[in-house]
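Single-structure report; data block below.
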Amino acid sequence: MQTVAVKLVTIVAESVLEKRLLLAVKAAGATGYTVSNATGVGSRDMRASTLDGENIRIETLVCPEVAEALLEVLVRDWFPHYAVIAWISDVAVVRGEKYAG
Amino acid sequence: MQTVAVKLVTIVAESVLEKRLLLAVKAAGATGYTVSNATGVGSRDMRASTLDGENIRIETLVCPEVAEALLEVLVRDWFPHYAVIAWISDVAVVRGEKYAG
Amino acid sequence: MQTVAVKLVTIVAESVLEKRLLLAVKAAGATGYTVSNATGVGSRDMRASTLDGENIRIETLVCPEVAEALLEVLVRDWFPHYAVIAWISDVAVVRGEKYAG
Amino acid sequence: MNTLDLAMANLLSPLLLCFVLGVVAVLLRSDLRFPDPVFAALSIYLMLAIGLKGGVELSKLSPSQFLLPGLAAVGIGMAIPLWSYALLRRVGGFTIADAAAIAAHYGSVSAVTFVAALAYLDATHTPYEGFAPALLAIMEVPGIVVAFALARRGGVIGEAGAGGNAAQAVREILAGKSVLLLCGGLAIGAIVGEAGYARVKPVFSDLFQGVLCLFLLELGMLAAQRMADFRRVGPFLAAFALIMPVLHGALGVVIGHSIGMSTGGAMILGTLAASASYIAAPAAVRLALPQANPGYYLTASLAVTFPFNLTLGLPLYKALATWLQGAL
Amino acid sequence: MNTLDLAMANLLSPLLLCFVLGVVAVLLRSDLRFPDPVFAALSIYLMLAIGLKGGVELSKLSPSQFLLPGLAAVGIGMAIPLWSYALLRRVGGFTIADAAAIAAHYGSVSAVTFVAALAYLDATHTPYEGFAPALLAIMEVPGIVVAFALARRGGVIGEAGAGGNAAQAVREILAGKSVLLLCGGLAIGAIVGEAGYARVKPVFSDLFQGVLCLFLLELGMLAAQRMADFRRVGPFLAAFALIMPVLHGALGVVIGHSIGMSTGGAMILGTLAASASYIAAPAAVRLALPQANPGYYLTASLAVTFPFNLTLGLPLYKALATWLQGAL
Amino acid sequence: MNTLDLAMANLLSPLLLCFVLGVVAVLLRSDLRFPDPVFAALSIYLMLAIGLKGGVELSKLSPSQFLLPGLAAVGIGMAIPLWSYALLRRVGGFTIADAAAIAAHYGSVSAVTFVAALAYLDATHTPYEGFAPALLAIMEVPGIVVAFALARRGGVIGEAGAGGNAAQAVREILAGKSVLLLCGGLAIGAIVGEAGYARVKPVFSDLFQGVLCLFLLELGMLAAQRMADFRRVGPFLAAFALIMPVLHGALGVVIGHSIGMSTGGAMILGTLAASASYIAAPAAVRLALPQANPGYYLTASLAVTFPFNLTLGLPLYKALATWLQGAL
């Protein structure tokens, strides 16, 4: 099976940010995303949810350029103010053109 | 700690497929799997759940041959008809023989 | 964007262990973690939850030494007795010092 | 009250207004969202409650009273897909898979439309046969089976490698939670009777209308999300989704009347015939007929037919049943 | 009953004791945890129930009766942030963002404090104006808007690249679920009136107090989790969170009395003024003022002001309203 | 009614039939599934409701009336693991860990079996002591503690590196949600008394039986899933899980009778003795005795003893209590 290397960007953030963060993901060029619920503990403790520690976990498969762009937006606009972390993994998919943006 | 390289196959699919997809995962030779709930948006919009966007997210640790076999089944039988995506990552585990099928 | 390589340790375990396992994760030196719910099937069938198959899924970004230490604890104290599995992936983050412990 | 008053009374009930509130929530892009587990729990409650109450009534009847209405219900459920399929294929120009999928939805039934009919009859003090919930239970599956048979004859089932197994899909709805809870509830209600039911009545009867309001709030949101797809449906299917319910409703009322059911009973049979499934059928169709486009079948049944029946359909079928009763 | 007895009656109600049980659960590190989806569902139920009941009462009134109290409520909501902000900036030495954030919370209102006030009035057989829930609905947003305007004047909104858009944040609470359900419930209640409400009363009225107990159990846990942060709040904010409610409460009672509201009505207006938001405001503030520290605003409103109002505040505002009524 | 009639009345109650429906759902491989958060919420409701109601009754009694039954309950709970352990070790040939684990389950109690007993007594119009829920609360933990002491004496606790800390496990059940809610509910009920309880009664009392039906539906599914493991249990443990409840039940009834409890009270003490825990004990045992096989202890308590008690056990203990009362 012919596979293509793409990037998987995983973002964990306080859940109040969901709507706006997904807009940012799309704006960076992602063609899709998967969202699940999580809780967590981090180094900051800056969330405002009554339900403390309630997070969302966003996964998006993107090409390297989109991953780069998305990370830049996160670092510039989100990391300084909100409880957000993100990491990037190398993964293989079939039909990589779907994630080229 | 001695670790072994195995493949992690992650599948995201519309939730109505759960039962059958897990059978396919087992049939391909996986010895176990982990399932969680998710929502998502993708390039198609072909799901039939009243609760739109409701997905399941399956993770299975397998040896490379099983990963290959599983991907082939997905590409042949599932991708053409359903809202399903999948990706493969390289991960390390202790005692890899557990996932050899 | 300058990124740093760190380890992502993912642990899936029967949910009765949640509290104690998170203590072990912290004790091994992790500075944070993300927890989500899952269900699953594995090679053993040794859980005692009335709600069979109810698992938690812990993800923690750590430096390689902490990953190693955590894995050793898991292999020594947890794998022999409980329904627990774990895997390690290589991921890239911005500002890796956050996960240095 | 004349027909217009009755229609207004229906439009201004808490049930319908909660549905409207759900639609409004989506239009305003509100963050209101019913958690999925709660929606699932409400569904379980509603199906079990419908079943239990029906079972208690059933325990008071002799089986023979149910025979003719039961046969009529199954017959209607099996017949609807036949002409719906033909119409969708020949006039609408739909593919075999799409036509069969839509036909399956209109052959099956909607439990919420059914209970809205009961609430409407209660509000207008119209009695009806106690076995009504049993009609709901037996009408869920036959229409889907017939539609799948049409699709198989057309050669499109079994095509898909993974899911295309109609027999398995039918087996799954038969053991699916809505049939199971309805039939289970009917059986339990029939066994425990009025006396046993009294102990659980505060939950399964007194709370019913209020819980249904919450359910309709959620359904309003779900329907409104689908309404955005309305353009994709096209004028033919939109007309189908509005006109067929009226024809099926009239057919059900006339048959109900002609086999001797009461005004309320005939209205219920009409409502069941007119209603289209949007919970059980979509899941079965998605598995067995993956080539069919949910943008057609789910939008038609959930975003067009369901609101139509809730608002205008119910008073119409009721008026027809009343008129027939008086005329003959 | 004298004031002390009334205060005791309040302290020993099931509602308050359930709150205490929640606090105890956290102190004992119990694994008791309300699943999030259930908490979300309870919130939806409570807001809708408050709205529906208020709407039914509203339908019996002429709009003119609501005019003065409505204006007074909005006025109080908009004025509170002004002096709160000034005080927090000048005396407390808080940053612009923190001062505006805290001011937003005290300008807005707490629905649970409101219903606890109603329960307390019911328990002490004190009548109140039927439009009270409408006051709750219109007081939720204005205080937040004024506080955001202060922050913008101070130049701190729009600073943050991602979220700092006050207009969008205000739009989001206006379409947010609590405003939507309250207003939607008010509208539905007003339309269906007493007769239509009767059918859903077993759920939305009879169950209200019991469900509120479960909600307060959860809020007790949430407040107790925040109480651990109490030290971080500092003595000034702790004093603010205890004294300002009393002043705002007194202000609300006096204004309510002077515009001719009943003892119960004046007490409710006082309670609304005294209460601080801990569900809607935190979400809006977090988005628009990310620089503000939730360790201040959420701890003050949820872990200090809320328990204070529940325990001592309610009897105090009631006693004041009664005394005013008698004195003049 | 004779014993057979009573047994039939029990078998044909909505509660038991809902349990059966859950079993049927699993046998038919239905997709019926109770969402976990809803199951968790129902548990919270049930424990709090049991506690509240018991507390109200408790408030009417003098503490001395509770002394003897309370001591008897704790004594029975502590004694059961002793002979159960010996039997399982010597006759059954189980390992120390497995024998202690099973003994812990039978020494502890099942809340649902308890409320099923109350429902059965209510249905047969048999009065019982109001402090019964307090017996349930104090019997949850002692049996587990004794079983852990046996395991420690056998040297198997502390063996496992990660979880094997019996003291910590016991502390966790003591602060666990079922003990907390039961005791919290008892305290709140005792404080607010009949008058305060009246306001929350529609939720905590009127809905109880109906909600219990939903809970039993879910438990039926859980038990049926475990029933597949039945073969693994082996004939000795299967016999143990059927015969010990009868012996423990008889012991409880006789002791209850001999210390002067009513027929209903003696039957309840018997039921508590006969019941085996399947929610609190498994979690504690899993942590402290990871070497023990859940395929033994959970299958025995949930899939064998629980259904046995629900169906045949309750009428049996009741018949014995009635017979004793008449005979002496």
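To keep things simple, chains are lettered A, B, C, D, E and F as they appear, and every chain counts its residues starting from 1.
Here is the rule we use: a contact is a pair of C-beta atoms (placed from the backbone, for glycine too) under 8 Å apart; a residue touches a chain by one contact, two chains touch by 3 or more.
Worth saying up front: this structure is predicted, and the values here are computed from it rather than measured.
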Which contact partners do subunit B and subunit E have in common? A, D
Shared touching partners of subunit D and subunit F are E
Taking each chain's centre as the mean of its C-alpha atoms, which one ends up farthest from the centre of subunit D? C
Averaging only over C-alpha atoms, locate the centres of subunit A and subunit D and give their separation in whole Å. 40
Which whole number of Å gives the spacing of the CA centres of subunit A and subunit B? 20
By the touch rule stated above, which residues of subunit F touch at least two different other chains? 31, 35-38, 202, 207
Among the residues of subunit C, which are close enough to touch at least two other chains? 36-37, 89-90
All chain pairs satisfying the touch rule are A-B, A-C, A-E, B-C, B-D, C-F, D-E, D-F, E-F
Using the touch definition up top, name the residues of subunit D that touch subunit E in the complex. 12-14, 17-18, 21, 24-25, 28-38, 119, 123, 202, 206-207, 209-211, 213-214, 217
Residue set of subunit B touching subunit A in the complex reads 10, 12, 36-43, 55, 57, 68, 71-72, 74-75, 79, 85-90
Please output the residues of subunit B touching subunit D within their complex, sorted ascending. 14, 16-17, 20, 24, 37, 45-52, 54, 76-78, 80-82
Which of the residues in subunit F come into contact with subunit C in the complex? 36, 39, 160-163, 222, 225-226, 278-279, 282-283, 285-287, 290-291, 293-295, 297-298, 302
Within the complex, subunit B is touched by subunit A residues 1, 3, 6, 8, 31-37, 61, 89-94, 98
